[in-house]
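In order of appearance the chains are A, B and C, and numbering begins at 1 in each one.
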């Protein structure tokens, strides 16, 4: 459905010098600074996939999305969306895509929401039958009727996001781009939005690409993620694989009746592993022991039985490393080694 | 006096700095503002060449050309719109904050306007003024303006500035009652351009209207200082013109205070 | 081919109606603003007439032009200006804001012509002030009998108005289009637009440089003064209207090409 082929985007700006003198100097100098926001990125996305496109602020996420939607023209490389180059045939491409930019609404601010939909129906040339069918569906998953007659400016952020999502889907686009779709929303609304995206994807086989900082979005929605950093693609694969490679840490917390006995245990030595592959720590009240270890080297039952040998355990919890942490790690260390 | 200078001088300096920061775009706006002067210049040249009289409205062609450019110099220094400031403050909702602070709102506006005035004097008025003087002496062979006349002109300008901003303050109060002050400002600017003598010397108006204008503050805003510069007034007439300006400063000051009292009362009631 | 073009036109007309009627709904809530804006533009143009009137108390004619003739030139200039102002005022926003803050994105995302979207987003009712002045002064000129009234002149009158409005739009679009390269082109647009003030009077009063500038570089002379003389002076060749149309088309093509090219170098915001 989407083919991105060695795409790059440079932003060229005249070199700026400080102060009044600098401004005059700037007028006469032709020095330029080139910033490569997206650097030689390629990927292919199949119909019906939901792909999370993640990276830190300024990594080049939005720039890539803007190139795929036809807003920006790539400096090098090209991409095709549903067989169309968005830059050469912008209008046709626009008919194929739906876009929600979290921070910016594409609705008519002063008009009732219903009017926005009437206008969009005309703009995208949606037939009456399609319109009725689509509205019925959107009303069900997004519950638009609650605020359908209110001016957009009076909607809450959550309502506006639902409205924007509905507006982007009215013409049944083949590809849906979502830029930070859940930013600033409360948990219940987030959940609603995610459910809606899932349902749309299932019902219409809509390809969805979303950028987000919310790890929950990715865990709930994306079967595949692409991570970019400083304009370069550093990971492209499934979520489970990412966790497998990077999320090797596992954590066991145990509530213990006789903590003083456990304190004498030295876990790393006990299992014969490096210090950093197995750490232990008590909480402030000295009742919960938390052991963090490499799941490829040690099994959780081993830890459990070692503790239970010396003390009584009343409660156990085993936790995988959160995706959030993985992502944070990646941002810190850069490229993933495989 | 020193204390209030300490309070209000920063307003002036900030405004001056703010203006300096615009740079590029600002020079283009100067260019635009000069269009009017140049159109008038060519228009008057054509008008004089179409007339068989050497003086029109009491002015020779050379005097008229000096008039056109000195009107530009004077009005760009004198007419600083503080109604814009007021309407900005109302839109941004910072008026209430200004009421809380222990300063006089109007004085703070006038101080800001003073910053603008100084800037406009430096860029570009003073240079055009010098240019006009050189042109006048070299090309027209007219005598250079005397130091005495320069001093009179400058003090008249200061009063013109005060008349303008005090009047504009009263006008700016409308911003409290409507959000779309743009249309009214256009009307005001058009009307002032006409009545202050910017577009055409007051002496071109029919006798009746000239009498009527004597009772309005507008001719004191631009026309009076330029005529003083041209040396058109002397003796008693000169004194009268300056006193009339001073009277307008006082009258408009009092009027502004009265309106401001009414408006703030309303603000307190409604909650600005 | 013809049918496709016609369907496209129909579709865009329909879209225009839908978009504009929505816009009108939102502004009709503020009738007072509308009236003030209208009156503001009306009034500032009327002042110009008062100026001419006062001047003509002193002289019988201005380089061969009578007051009635000058009033016609002045009023005639307002009509194309008003038409352009009414329909394409949103171009100003492109120059000042939409490109630099990234709001231009929304036009790039919809399956419609971008220029169409820009102008369909807004009507500027203030322009009625200028149109009103223009129409009143032209009607006055008719009653004073200073105009040549016959079939070709009437037809060319409307042609000239349309071409004049197109010249206005082209100049605005050209300078607004520069915003794609320099982010904010408002000041330049303002300078260019303000040049139109020169064209309210006979251009032969100006120095040669200025005359050349407003005739061939920023061709406002072709909006008002030059065609107006065709309607005023018997024996003026209709060629002048032909040249006006030629210039309108040429400038439109240049401006549109620049704008279109600009949408491809558009950098959005946030970088």
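The rule is short, and it goes like this: a contact is a pair of C-beta atoms (placed from the backbone, for glycine too) under 8 Å apart; a residue touches a chain by one contact, two chains touch by 3 or more.
In this text the structure is predicted, and so the values were computed from the model without any measurement.
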Next item on the list: By CA centroids, point me to the most central chain in this structure.
Entry: C
Check: So which chain is farthest from subunit A, going by the mean of the CA atoms in each chain?
Finding: B
Note to self: Measuring centre to centre with CA averages, how many angstrom lie between subunit B and subunit C?
What the structure shows: 31
Check: Distance from the CA centroid of subunit A to that of subunit B, rounded to the nearest Å?
Finding: 58
Margin query: Taking the mean of the CA coordinates per chain, how far is subunit A from subunit C in Å?
Written below: 47
Check: Going by the touch rule set out above, which residues of subunit B reach two or more other chains?
Finding: 24
Next item on the list: Two or more other chains in contact with one residue: find those residues in subunit C.
Entry: none
Notebook entry, point to check: In the complex of these two chains, what residues of subunit C are touching subunit B?
Noted result: 30, 32-33, 35-41, 43-44, 46-47, 50-51, 54-55, 57-63, 126, 184, 186-188, 190-191, 194-195, 197-198, 201-202, 205-207, 210
Margin query: Going by the contact rule set out above, which residues of subunit B touch subunit C in the complex?
Written below: 24-25, 28-29, 31-32, 35-36, 38-39, 42-43, 45-47, 49-51, 53, 56-57, 178-180, 182-187, 189-191, 193-194, 199-200, 204-206
Notebook entry, point to check: Quick one: in the complex, what on subunit C touches subunit A?
Noted result: 11, 14-15, 18-19, 22, 25-26, 102-103, 105-106, 108-113, 264-268, 270-271
Notebook entry, point to check: Across the complex, what residues on subunit A touch subunit C?
Noted result: 11, 35, 37, 62-63, 66, 69-73, 87, 90-92, 94-95, 97, 99, 101, 104, 106, 108, 110-111, 115, 118-119, 122-125
